[in-house]
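Each of the next two complexes has subunit A plus one other chain: subunit B in the first, subunit C in the second.
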Partner chain A sequence: MATLSSALNYALSGLSVSGAQSALLSRNVSFAGEENYSRRTAEIITLPGGSASIGGYGRSMDKLLLDKLLEAAGSAAGRQVVFDALSRLGATVGDPQDDGSLAAMIGNLQQGLRTFEADPANNALGASAIEAARALADKLNQMSGEIVAVREEADKAMAASVERINTLLGQFKVVNDAVVRGSGTAADLGDSLDQRDSILKMLSEEVGIRVVTRPNNDISIYAEGGAVLFEGSPRSVTFATTANLLNGGAGNAVFVDGVPVTGPAAAMPVTSGKLAALATVRDETAVLLQRQADEAAAVLIRNFSESDQGGPPAGPDVAGLFIDSSGGPLPLPGQTPPGLASRLAINPLGDPAAGGNPMLLRDGGFGGSSYVYNSTGASSFQERITGLAQSFDVTVSFDPAAGLGSTASLKSFSIQSASWVEAQRQGAQQAAESAGAMKARAGESLLRVTGVNIDQEMAALLDLEKTYQASSKIISVIDAMLASLLDAVR
Partner chain B sequence: MAVSQAELARAQVEVQTGRHYDMGLTLGAATGTAIGLRLQLSELEQTSDIAEQAGIRAGVTQSALQGLSQLATDFIAMLTGARGAVLGQPLARDAAQSAFESFASMMNVTFAGQHLFGGLNSDTPPINSYEGSTGAAAVSAAFFAQFGVAQSDPDVAAITGPDMQAFLDGPFADLFSQAGWAANWSQASGSNPLSRISPTQQVDASTNANAGFASKLAQAFTMIMALGEGNLNQSAFEAAVDTALALVGDAQLELGNEQSRIGIAQQRISAGVEAAHSRGFNVTRAIQALESVDPYEAAARVNTLMTQLEASYALTGRISRMSLLSYI
Partner chain C sequence: MSLYGIMRTSVSGMNAQANRLSTVAENVANVNTTGYKHGSCEFSTLLLSNCPGDYESGSVMTDVRNHISSQGSILNTASVTDLAVGGDGFFAVSDDDGTPYLTRAGSFVPNGDGDLVNAAGFRLMGYRLDPDQPNITVNGFTNLTPVNFEDLALSAAPSTSGSFLANLPAGATAIAGADLPSLNLAGSQYTAKSSLITYDNLGGEVLLDVYFSKTGDNAWEVAVFSADDAAAGGGFPYASGPVSTAALSFDSVTGGLAVGSASSIDIAIPGGQNFALDLSDMSQLSTSYVVLSAEANGNAPSGAELIDIGRDGLVYATYGNGTRVPVFRIPLAHVTSPDMLTPLAGNVYTASVDSGDVEIGFAQEGQLGSIISGALEQSTVDLASELTSMIDAQRSYTANSKVFQTGSELMDVLVNLKR
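And then the complex of A and B:
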């Protein structure tokens, strides 16, 4: 009798175990498509007395693969940001076929001047050369505007990223606390662990992180470079948007616990993730392109400037067709004021649309009567126009800080600038593609360990079904045996 | 699958346009080369246009010079005939007058609104017609200062041949010296506009009214037309005719020199146009080599990608049907 009832107990515990297992299984199946869900397993133990029971829950995870994924996610997100920004900057160059680049505009102006040179008495040709000059000035303004827009957006995106980091760290604290409290108990921590890993994945896209696991499954997060982001409690990440990016200077840095982690002063610099990439775009890539545009504007102003034509020249050189619309002085080599490209304008004295005289281009005299080159007033005076048209091919000095060497002609400088942008963009695309592929592979590897395979679950279900059938069969057999026993004693 | 689709869209555009889908991304650092080549191409096209214009202009100048040369030849023939003829003087005078006017109108020929013989002063007619000009007044003044009578005075018959010769070689010649010419007759500039034949080369394919032939022709015409008004005695007339013949002869030589100088410039211009065309052809080929997609390769890529996509679609369909669920 006692053995019969203990057999019944075994069968019952089998039923409850397979019930719990199938509950777990159906949960696995229902989360099969969820990337951040790790497959759960039940650990079956034998209770004292011999019956089976669920002793705890396991969660498929591979710490190494997760670390790999976090690293890859940071670098992929960062490189994508750089590529996106360069694509916008590259749009200022455009397809060579469309002649929309700075170099093409410079070529246009040179050709306008050459046409004018062939027939210098023709007012209309002068006016059309001035139009080409205006298009060139507009191009530099627009390029500069685009660069500043890219920088400002990067600045705003940094602020958004910092806010997201803080939010994620706050959420992390809640989940991590739950994990620390629950570990060592039999509670099912799977959901909290899933959530914690998914926060880590999101965080790694914003900023490159290193994760260290401590006793009680507590996790500390360090930013790349060593700054502590989370250790028991989240550290404050702060950033103030930069007020003025027009002046070409670097923007504000991001601070973790008061220590800068981006920019030249960073003691523990972060190098991957969106945040670092945005800082690079804002303070390096875009700034370099801005310098190139500014240099081009400065050389334009200098090339078109006029010298005093008096017996002994009395006055200093003055700006000619191209001016700094803020009224700044003639920019000297190596002293280009930042943001000059955004202020480049056509001298209204020569602009027919503003009531000016386009013939000043032929005769000189933007700076007044002592700056007139055409002293005899000859209507086919070519010298000045020839000189101006030639100036684009004359080697002049450029600020090496613009990243394109120290001497070049304006034309070749602008061509190099286009090459520079597109080469950067090409490199960024290749980097972004390979980083994206790395991330995808790391994600797949991790998913192979943590993901749910429905076939596997179904096979397990068949197994469970059989176990359940067997247990039920045992119960019904015991029932029959007990019945016959009871019948016998009646 | 998404990658294949995007790649397919790119390849299709490449097949249609024959060029890379994203030029900057494909060329990278070579983008500058492509831009530079396109700049060079449009520069070459423009220089060849400008040079062609200059060639036409030089042609017009040549035919004007040819006209002047013809005028000189006719004048020599006329003078030679009139020298010893009865009533040679009034005949020569009328012929000289009309020759001066033809001369002035030929010198004032324009091309595209520009005076070809104006030098840099292309907006003013370089030579005025004789009547009422500064030059005419200067001639009268010089004549009166030398001989004490006006040109129209019948007393001019008293002027001897040697006296006339002295006047022609002295005060009269001064009126047509370089300084006298610029002061009394020509509004032209002595410098010529240059014509561009390549981005770096310019040639002088023009001449101007300050060149020697113009002053010599004018001097000869004026000499016959304005001195004495038909009343000179024969020896003075002959002195004038002989001097004029010598001057026109010189002018013809100089005209020939100018014509051959401009002819050489014309050759350089057409060589420049040719060079620009052939360089343009090479640059176009270089651009194509840089920017073009091999159409067969692109088409093959489209096919491969389509096959690949179809395969992935088929696989997706199969896999989605392949589940243990269907069998339990």
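And then the complex of A and C:
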């Protein structure tokens, strides 16, 4: 019905719609630049009869871009974790050019032996060679300690990450329920949706996720690999910190909904996010480096071991200057006990500081009288020292499980180990940088779609102002028309 | 006797204009009454039989018309239970005695009993949807109950159906027969696991663990367990065997389910209903295990937190757990000739002989229109036309009175003929 009264109603509905739009616009402007805020719009509909009304609220969002960002955030966070851990591990192995590196220590010991070789009667030179050996053993102990520390920290960080995932899933339940409750109604769900997306972003940094939308805008979250993280309610994510990481074995696995998702036994493995990266550091990278240190220790013990010098050799080979402080047997090639590097020590029989005789280095006999090489007791006996000094350059076999091939000299092995760590570190750095850039790009593209553009808002504000003025003008004109009609009634 | 005729005719004319002024007065008084339909007067002549050469004036009859079928403009409000009809339908309401009426005045608010009542105190009637679909009587008000949100306090629904859509990795290693989850052994292996929340009869959450295990080329086993039975820390062995198992076989060409393969799995939910999980859209392609959708109906016991009313008249209650359930359906009533309905106090109408019988239908069916929540239908009165009618009626009344005056003066002359 087109009448003056309905004209008044239309103008009134126009005013209320403009009012609601201004409220929305001012909110948009106040959140301009906020990363987790998506621009809101009001959908204006025409009610039967013709008046205008807010039919619902829209929120700028691009699900594909969000998915991309979630993926990028997971991989960036994970790669950063790997890079940090490798930087630390690289520092403990050291640059072979530096004095404190493993390779430099091996060089020092070799140099010490060469000096001793030139003057085998000199007790002081023997003692300084022993000191160089002690420094080398300490270096391997310290490396091993650092590697275990890295692994233990990764283990603790995994526990913290799991706790955070559980907290985030708990928060997600609250927000998701609010969204599901409100969807299908005209309520403005923008705040809940913003919160939900920001929780997803945080969650994806901890563990790679896939998001599935269900009816009523309900969201289910699956971890990479398909384990259920959230479906109606959060599933349990459990992890127990590993008690003993010294033995070089893999740590405990993280379970999502009862399924192991990290470690060698993972049924549905996750590959991105902090959690997966920490598990890789703990169970792969650090373990490999530990194995390399253990191999170096094992080869040292073997190189300095003594054989029975009797007519027909009666006894087995025994450890010489370097021993396994736990008293373990002489490590055979391919059977290096895990954690050997942490237990590498100087035989106290040859340690002047412990009252030992450094000349055992020249003469042999750490294993008893039948292991004495210098049978005549000559003070110029050089052969044993020469053999020991050369042993660093002799190609021996290494366990290929350490990742550096099966044969090398100890010297080149230590350099290879350092360059392996460095190469890994550089690779991780590049990966972390490119993943970080990818995340930044994805974030920017999403922000372009969801963010508030002040220019656009201001232009809309001018529009709104005109509409509001026009509606109020119509009201005053209708008022004047009715007034003139009323004047006609006398 | 034509002079008396003139006076009687003009009196009928004045009465008619008074009637017209009455409708104008009523219209102006109800200019802001929600759902009010304006009235107007139609006049018709009442003539007497006349002999040629002698004219006896007739009179005028008034017929008050209510423009019940006219649509008022619809204006937004903030209340969900403010309802407006955009179309030809009427809300079915009842008074305290239960007598049904029709109305367009939809400003409903819950009263002390929780019934939705409008400004005139009439209760909104609707069909209760749970547990079964309403039994609709087309030509009457039977089975209608007052729409009431109070007794929606707690509601639980057991799960009966759901669907699971995922891709199973075609390249997965087959699980040895002795390690299959269906055997429920400590070392049971599986290719992929998912879990789904369902509800038992009392609305308790039952978490179902669903294991997919490749048994051979294009052949998979689905085994469903109740997660409550899982060993400490989750997983095998469960305290009791699988709740249900099924064998899926896939077409090696399309990657979809092969003809003859199981396409759903029936699960007897412990303490609940038989739950049919639809697997018909599962695929087996050469990619990783990806869940595309997983759904189950049912909801936990929880109070209604939010009410919203759709344009089709379905009243949804949203429960604490986010489940949205239609609880009432508000019907719309219709008669053949709405303008002939008998108006009664309180903006309600009742069917009359002329209007035809009441028929009950639903919004968005035929011409009934839609129910708009959060809006009210304004009065159809237009002040401008009422004011002009008023002026017009005033003039006509004055003209009639002049005729009466003239007749009266002529009578005076006639009476004065005799001294």
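What we mean here is this: the second predicted complex is superposed on the first by the 450 of 490 C-alpha atoms of A that agree within 3 Å, B and C clash if a C-alpha of one lies under 4 Å from a C-alpha of the other, contacts with A are read in each partner's own complex, and residues count from 1 in each chain.
Throughout what follows, a contact is a pair of C-beta atoms (placed from the backbone, for glycine too) under 8 Å apart; a residue touches a chain by one contact, two chains touch by 3 or more.
All of these numbers come straight from a predicted model, not from anything done at the bench.
**Student:** First (subunit B), second (subunit C), both or neither: which does A:Gln426 touch?
**Tutor:** The first partner, subunit B, only.
**Student:** Check whether A:Ala149 is in contact with subunit B, with subunit C, with both or with neither, and answer first, second, both or neither.
**Tutor:** Neither subunit B nor subunit C is touched by A:Ala149.
**Student:** Would you check which partner chain A:Asp257 touches, where first means subunit B only, second means subunit C only, and both and neither mean what they say?
**Tutor:** second
**Student:** For A:Ala440 in the superposed arrangement: first (subunit B), second (subunit C), both or neither?
**Tutor:** So A:Ala440 meets neither subunit B nor subunit C here.
**Student:** Of the partners subunit B and subunit C, which touch A:Asp455 in the superposed model: first, second, both, neither?
**Tutor:** Only subunit B; A:Asp455 stays clear of subunit C.
**Student:** Taking the superposition on A as described, I'd like to know which of subunit B and subunit C A:Thr115 touches: first, second, both or neither.
**Tutor:** In the superposition, A:Thr115 touches subunit B alone.
**Student:** Does the superposition put A:Gln97 against subunit B (first), subunit C (second), both, or neither?
**Tutor:** first
**Student:** So in the superposed three-chain picture, is A:Ala418 touching just subunit B, just subunit C, both, or none of them (first/second/both/neither)?
**Tutor:** first
**Student:** Please output the residues of subunit A touching subunit C within their complex, sorted ascending.
**Tutor:** Counting only subunit A, the residues touching subunit C are 1, 3-6, 9-10, 12-13, 16, 47-51, 53-54, 176-177, 179-186, 210, 212, 214-216, 218, 220, 222, 225-228, 231-233, 235-236, 238, 255, 257-259, 267-268, 481-482, 485-486, 488-489.
**Student:** Would you tell me which residues of subunit B are touching subunit A in their complex?
**Tutor:** 19, 23-39, 42-43, 46-47, 50, 53-54, 112-114, 118-124, 189, 191, 193-196, 199-200, 202, 287, 291, 323-325, 328
**Student:** Along subunit C, where are the residues that touch subunit A in the complex?
**Tutor:** 31, 70-76, 84, 86-87, 166, 189-190, 192-197, 205, 209, 227, 230, 233-235, 288-295, 305-306, 308, 316, 318, 320-324, 369-370, 372, 374-375, 377-385, 387-388, 390-391, 394
**Student:** Quick check on the complex: what are the subunit A residues that touch subunit B?
**Tutor:** Touch list, subunit A to subunit B: 90, 93-97, 99, 101, 103-104, 107, 110-111, 114-115, 117-122, 376, 378-382, 386, 393, 411-412, 415-423, 425-427, 429, 454-455, 458-459, 461-462.
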